[in-house]
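The same subunit A turns up in both complexes below, where it pairs with subunit B and then with subunit C.
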Partner chain A sequence: MKKTFIQIFIILLTLSASNAYSAEKCEPDFEINKSTLTQNNENNSSDKGEVFVFFDQSKTMQGFTIDQPGQENLYVNIVDDIQQISENIGSDIIYQNFGTDVNPMEDRDVSKVKTKKFYECSGSSVSCDNQSSKIQEIFKIAEDYPEATHIVVTHLSLQDRQLVGSESKQIRGPLTSLLKQGKSIGIIGVMNSFNGKIDNIPTKEGEYTEYLDAETRPFYILVIGNQDNINRIKDEIVENHFSSSKENFKYALITSNPILQNLNVNKLIEENNMPASLARADNFSFNYIEDYLPVYKFSGNKKTKLEFNVNTDQIEVPGSTGVSEFSISEKVWTTNKVKCKDIKSWNEAKFGEISTISRNDKELTLNLFETKPLKKLFRGLRYFYKVDLYAEKPGKSSEREFAEWSVNSSEIEELKETNPISFKTLNLEKFVSILNAVSGDTFKKTLIASFAVNFELTK
Partner chain B sequence: MNMKYILRSVVLSAIGLALLGWISFWFTTLNALGPDGESDLLQWYFDNLVQSEEITSSGIPWEDLAVSLYNLLAQMTTALLSSAVVAALLWSIGSHFLNVDAPGKAKFYFIYWIVFTGIFMAIVVGIVFWFTKSSAFNAADYLSGSGVTTISIISFIYYFLVYYLGVLLGTARFARSSILFGNKIPVSSFL
Partner chain C sequence: MMISKILINLIKFFLIIVLLSSTAMAHKSKKHVPGTSFDPIVCIPPEERTKQQKQKDWWANNLSHTLSKLQVQCAIKKIQDLEKNVDESTTRIDTLIIDNEGLRTSLENSALCADISFNHKSKKGTKLFAKPDSKSNKVADVKSGADLLYVSDSSSQKKWSFVLLKNGKKCNPGYIQKQFISKKDEVVQAAPKEVKADLISITKPSWSQKEKLIVVPASGFITIKGFVDTSKIDQIIVNEKERQINSDDTFSFNIRVKDAGTEVRIVGNKKGITKKTITFQIKVK
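Right, the complex of A and B next:
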């Protein structure tokens, strides 16, 4: 009999304990916005695909093959590297040259790319002078073969007409299609020795002129394909030639999504994203709800400093346009029962704008409760504040990166008259700006991180 | 010193305190019982004493939040009424021990009274400040600026009157001239 009573007592005790636990509502009911963004949103197949390598065969490229005394010539070595990397990342390598047309290359011609002879023009002097490189043709090919990696070696000087109207559309259209398919475009710029003729320089009279005194001039390697391959090519070139100094090296990545990852998916939000002083607050704890949403729980006062810091390296794809505008979606729930076991329900507050965002080169900071400061909140209540951080607009860092090597058609004649040793690339900034604009059009608002703070406001 | 006169003063002072003090007692009881969703008082507090917009935006029903404000007001009025009662009785008893034997003694009695009253009023100010402006009570956060002003003005006037009636009736007859208008009340000679 005694044993039965003890058993009943234990059962009742267990039931009451479980009821008490189930009634506890330490956080309000809300839906967690789970991101589908992973480390890299491209289809990273381990299969090697085709690699198309395009060499700009316009006559002006000759200048990169001829050594210029006192200047370092990396062109020949980098062309070598590209051929080698292409063999490594691709199963089939298709070499083509381009100028006014795109033509397939024989294998035996590939080694000639490093020589002056490859760029000699066999046509009439009229057709050989002021050749323009039809880069738009390559974008079209890239659109037709989206799974392949496309590598383009070119001087990238583009005439105004190539960047407006129908010719511009021939760049934008394929590019939009590629970016929508999750592909990216890497632009690697190398300031190299140059000993040749820079032609196709537009004058204010509408004619073209040339310049012969340049000792250095940048050439570019455009890589269209998966970010992994782009980074691999970039890393190899940096490692081989620019490990000590990147003075003559520039890089930008144009991608539909410059967001590297969602911090919740990879559980990268930690205690130390908040000020260290918070961890010393009374009743502090840090836990993930549903293995996804991190919650900082503590007892705070009106002077508690609440800042959420994230390294931009963790959220922006390195070398990409970055993010120029972030936004937050925020919600607050309140209850006048500060102990979790007493909370029966939460009330959704309507505080309007609560926090602000600020950023510098390295860090993104969410200044929590800056617009609606803690000192204006009521003490003795428990608050649950949930924030979703979004990337709203892509940045323009790649334009800035290349601005130094770019010259507009209206300024190039004046530049020439100053007899520069180092010549700039015509309309480079405009070209990058077009790529950025297309990436901006294909950009979708992206959830970067979500977190919550659950605190009791005390004296 | 005749204890009879002192007891008489205490009784008269208590009567004087009760003339208005019952309102405070009633008000304290109302607040101690807590808010009733249907009451006009709850609505009056919402309309006149608290930051109604902030309270609405917090999402918590006012009736739930008001519990702690009712508690604050109950404790504050208890403290204020107690202070008024203690001060009035102290003066009423103490007035029997005043012994000024000099020309213009009424003036000296008045100086004693005004200093004592000043101390009492300072205590009233301190109590109101402690409850409404310090961090001692969370519910003080709900009060608006105009709400604190309203509470302060009502408290200063009302508890002065409670105290005043207590000392007016309870002060020893020979020292009654010390009280403001003490000799001008019609029933003064009967007390």
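Right, the complex of A and C next:
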């Protein structure tokens, strides 16, 4: 009987002990701000959609089909690839040519895209000489058919007038609509051999001239649609032609959200996001609260180094504009009971700005307690510091990516006078900048990561 | 005495007859001017005359106050040459008049260049050549800023283009080096008169049946272009979506033509009141 009583007593004691443990207030009361961002925020469907392929038929494109001795011609092969990839990603493939107008293509014409003949102008000399590639028409079509994938092969040289005023609106309007619907635009640039005429080069007198001595010139593949399809096309082109060197290849992804994922949703925050020395601190532990918020718990002193590092590869969509500005939302609670079991309540402290953000090409660093250093905090207290990291503004990395191949209208005549072997694309940087501006307008402040540090500041 | 007197008279008579019938008596020679019994007039220029000949000239001029025989011959020669030149010139003028008539007729039949939009101009003063070669014949001088109509690039010489040079109402065709050409800004073509007669006109693609059917070669997107009479229509709605009317009275839109065909409805309004409606089919051939 006595033995049974002792057993019951031990069980009750154990239960009361666990109750006491669960009553511990080891962290303050707060609401976890959970992200709804998933790895890919587009509405993906396993169904293959329609693919509309548009080939720029302006005469200057002819130069890509004619071999230039000593220069590598990838145009023909890449056109082949595009036709093949389109068949793979789409249920219906519909081919069009475009220039001043858009026209449907018969099947027999599709194979001619790789030949000089396809680009010969059959209209009057005036109309043939006034050719322009109205890329805005494709954006309008894409706006009307957002579920389809649109692939455009073009030289992408755009006149100033196409990038200002009402013509610019014809690019911005449809693009805004597409990005708001979660669609993206991939720009794949390929520096290729060229043996032909580069026309419509604006002069300072407001007229146009030509250039005939270019041996290389970039052409572009614009893909409007889901990021998956865009990446698939890009990856296949890279694998087929640029696996050894990407010297003649450039890529940018314009998307409403250049954030790849929320690190909490995918539980990607680990111990090693903090300095290795922290793991050796007294009473160190690393746990997730509610399976969402990671908490670094330890006993520290004024010399404890607190840096939270994240690889930008983990948060930015590859090839996208990236993020130019991050922000943090931070809160601190304190308690004079350093042991969790003794804590009855936490007090929210008003420290103002506590930490700073710095970044380089590869890493984003949160320098915790840099503005409000640990040495200025009261010792002998327990602190709970929670940080939400946000992407505030999209970046301009895609503009930088293409700047090398771009020339402004005010500089193109001078470029021509230097008789360059490799010619640049008129207003390419401006075009990418317009796309970026639109993506910036559709960008929303996005929560990237949340974490907390819970520490006793020792003497 | 009487006999000798008669003989003398006979001789005189015979001499008179002989002298009067000199032509009949003159001998024929291959040296004569064709059709005459004269030797060709030979003019010895004063600088080539001998001392004696110059002396005779002096005597004739200063003592007899006449021309010497040599001077007469030179004067006759000059007259003969001038007459010959007059004949040749008359013949040439006649030929030119005939040629001129021919050219005038051909020019009247040729098209005028005045009604063309010249899309290029020359950057500097240069020349228009008959061939894409600066050693070929010059067709015309090209002044800086002269209007040119670009026709085509030379197929053999990539740095040369074939153009029409505006010359008043006419055009001179020829080759010019590309470095001297610059393109003007985009040429805006005015609506043809027959098109402007309609309130709404589709100019591209062409009708298979006017305002009823357009046949296209394949399914896919196509740009439809047209004009409106902006004095009577200020709004264009295509398949319930408003389209922009451009400053040159044109409009355009892209439409998807499916394999089964597509119906297009264009409504033209003025101040909200429908003035014209066109409903047509676009079918795939």
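The working rule: the second predicted complex is superposed on the first by the 440 of 459 C-alpha atoms of A that agree within 3 Å, B and C clash if a C-alpha of one lies under 4 Å from a C-alpha of the other, contacts with A are read in each partner's own complex, and residues count from 1 in each chain.
By definition in this document, a residue touches a chain if its C-beta (ideal position, glycine included) is under 8 Å from a C-beta of that chain, and two chains touch if they have at least 3 such contacts.
This structure is a prediction, so every number in the text was calculated from the model and none was measured.
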item	value
Broader residue contact with subunit A after superposition on the shared chain, subunit B or subunit C	C
Touched partner set for A:T335, first subunit B, second subunit C, both or neither	first
Subunit B versus subunit C as contact partner of A:E307, first or second or both or neither	neither
Touched partner set for A:K197, first subunit B, second subunit C, both or neither	second
Which of subunit B and subunit C A:I94 touches, first, second, both or neither	second
Which of subunit B and subunit C A:D80 touches, first, second, both or neither	neither
Residues on subunit A lying within both footprints (that of subunit B and that of subunit C)	none
Residue numbers on subunit A that touch subunit B, as the complex places them	332-336, 347-352, 376-381, 459
Contact footprint of subunit A on subunit C as seen in their complex	117, 119-121, 123, 149-153, 158-159, 178, 181-187, 189, 204, 216-223, 225, 244, 252, 254, 256-257
Subunit B residues touching subunit A - in the complex, by the definition given at the top	54, 56-61, 64-65, 67-68, 135, 138-139, 141-142
Of all residues in subunit A, those that touch subunit C in their complex	52, 94-96, 101-107, 125-126, 129-130, 132, 137, 140-141, 144-145, 166, 197, 199-200, 203, 205-210, 212
